[in-house]
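Right, I'll just put the structure down here and ask away after.
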């Protein structure tokens, strides 16, 4: 069973992986729900993910207030994380990024959908949230609870949602699942852009997506998420925890 | 003449090369027929190719059963390998991957064909297998012998075949030949995508493909596959075996 | 408050960052206005940015004349820098580059405009200067004061402008701001090219651009430019100065 | 003035640069005319350019015969080099490659032309040679003197020419000039592909190309080719010779 110490190790590893795999650059962030307190989540202070160390991780109440009197500068967009943990009991990890290939699908009519089996965790079709719809001209950032709730309502029960002119957010039942979905959301977007130049695309059927998602949900340690996790840890230069070590 | 020890070295090198050249990421696998037992093949346990060590290599009967009482977790999709060794006496190496540029050709009407001489080993036109055709909604993986045989029948006598919404598989008479074809299948796909944006493409003629394939088949050590192998070993950080050392 | 020594460190760091982030290759250059003499600017002698050391930095009068009797070879195109410092009192840093994704927007009717919030500092729409318009056939370089002034008039009060068949130039109130804009001009161009293949693009509104620019202008140390600066320094293998250390 | 020893150092550096800059992969080759014997040229034995050492360099007569009784395996396509040295007294270096972005222009009606000033050395428009025209179905390689002469006639007095379904060849008055043109032929192709997706392209005028070429021809050491050479040497991990050291 996981310990809090393993969780922090996995958080540092996840930050490095997201940078190494091109999901995050100077910006973007990953949080995990506190396994000992479902009304709180862990998130780094405002730093580039590649640079995040164990000591940078802060704890927040779901309304975005730093806990334990922590006065370090938090990410402005922590309201994305709090809103999703409040709305979705099944969500234990949230990743927000501006990964590059995904952006074009936030500003064009093209809908991001899975073209390949390894990307099925993104869901059958990925919705797009637009800050203009409810809030008019803004700086496009989710900077308060009202915007967070509005965004969460667009994501609904899915695993991923895009933000117009901004980026995307994915969720998962664990750090490894959410990291997997974040990486493959970017991969799928890149593949779909390339395929769009070749003719009409045959996307996965709804039935295929459901079968793949249920197989991954049943996977044992060492399968699916863990094989990718071990590889990505090596690429990012971090030691992986034991399989299943993140809870 | 090759020894079994050289074969294992080449298998480890091939795994690293496939990762280094962008053919495999966390997923994908390469097998070689046992030179001492044509009814068996060697394949790593389920790990990312970049991480495969000599000790990870298992032996399987053509029906996918692990030999020697080995209880490590095998790749689910080993049935691709067994089916091709069963159907094709000329095949001594099989590589399955999800290499990125190839995927768009699995989900669009565009047919993957050689645009440049170095890619002629992929064949004059690359067929696409679709799990839907015979098996309806699945997780798209080749998870049993029936699917393996169905896929092998689509590949026919060629060197490569695509899988809709999934990836591709190439075969060769040796590890170096199959690795060469796997790398250049990806290269050709990338070139064909770029060329598709510029106008109608002049593909190699059938005559050109045949001349190139027969020249490579006649190549002496140090030519063709071996020059690329030496370079790719260096790029992957592994010591190459002696030319021709793989059998 | 900043010292001249910190300024030189930031200049070396900025050169390395521009190379590391793919803004400059063998060519391109960055200058900073002398904080102690607004009629002079600092700019490396003619070298690839990746190779620039503290000792390479020269000082120039706004007309492009080297100061202090310095006889090292200067960049031919230093007239870009002098013209912008002469015309724009708000400009303290100028970066000229041939960054790759931007070039297509200099030779096609497509207008470069911000597609994502992080790129809003490039301005609502980026103008294109063409040497042909006023000077006919040239080698396309800005090789004298007349061309520099002509180019500055096309940039106007904005932060960035393109040069047909050549490259682009960005300005900023500080080194970190200009480096940020140079990196994100390239990012935006890359995103816009990808989006162009998917359908009509929804660009940021003028109101969104204004809100984002004013928020960044008000940012405190550690926000916005500084978070990216710390990350880019790490990627470029240089030690960052203290936040705000560049003045 | 250059020495033969400097020339060999520059040949090794050029091989590494061509690999490092993505012009060559496992294949491709660079030769230099022997400054002491215009009827001979220096070219590595058949190896991947990244691996070429000083000891690998052989000498050939213009008909492709190895000199000095050298029995190492030569490149099959050395006839490209000999034919160009025989036809063109102004040519002192020849580079043949399969650089990736150039290939699409060999198999589509799109004509490769300079889109940006730094690429003007490729010439106003790059011709395409097709082995089919005179030789019918072949393996597409230039494997004898007749094919070499046919190719040289298509290149004419220019600096570059493409080969259908194969690659490209550039020439220069020096190693550094030819390396520069080889790198920027690839850069221009990549830029032109990206620009093609955005609308009709404004290419450099013939007058602009002429002015740029004549300026480069008059450049002093440290300008143009040498600035790029120093940078590319650093990126390739080799020590540059003194400026002008290659003759």
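To keep things simple, chains are lettered A, B, C and D as they appear, and every chain counts its residues starting from 1.
Here, a residue touches a chain if its C-beta (ideal position, glycine included) is under 8 Å from a C-beta of that chain, and two chains touch if they have at least 3 such contacts.
These figures come from a predicted structure and were not determined experimentally.
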| item | value |
| --- | --- |
| Touching both chain B and chain D (chains) | none |
| Magnitude of the superposing rotation for chain A and chain B (Cα, nearest 5°) | 90 |
| For chain C paired with chain D, centre-to-centre distance based on mean C-alpha positions, whole Å | 33 |
| CA centroid of chain A to CA centroid of chain D, Å | 46 |
| Junction residues of chain B - those touching two or more other chains | 197 |
| Chains that touch, pairwise | A-B, A-C, B-D, C-D |
| Interfacial residue positions of chain C with respect to chain D in the complex | 25-27, 46-48, 50-51, 73, 98, 100-101, 103-110, 132, 136-141, 164-167, 193, 196-197 |
| Chain C contact footprint on chain D (complex, rising order) | 114-118, 187, 190-191, 194-195, 197-205, 207-208, 211-212, 215, 222-223, 227-228, 230-232, 234-235 |
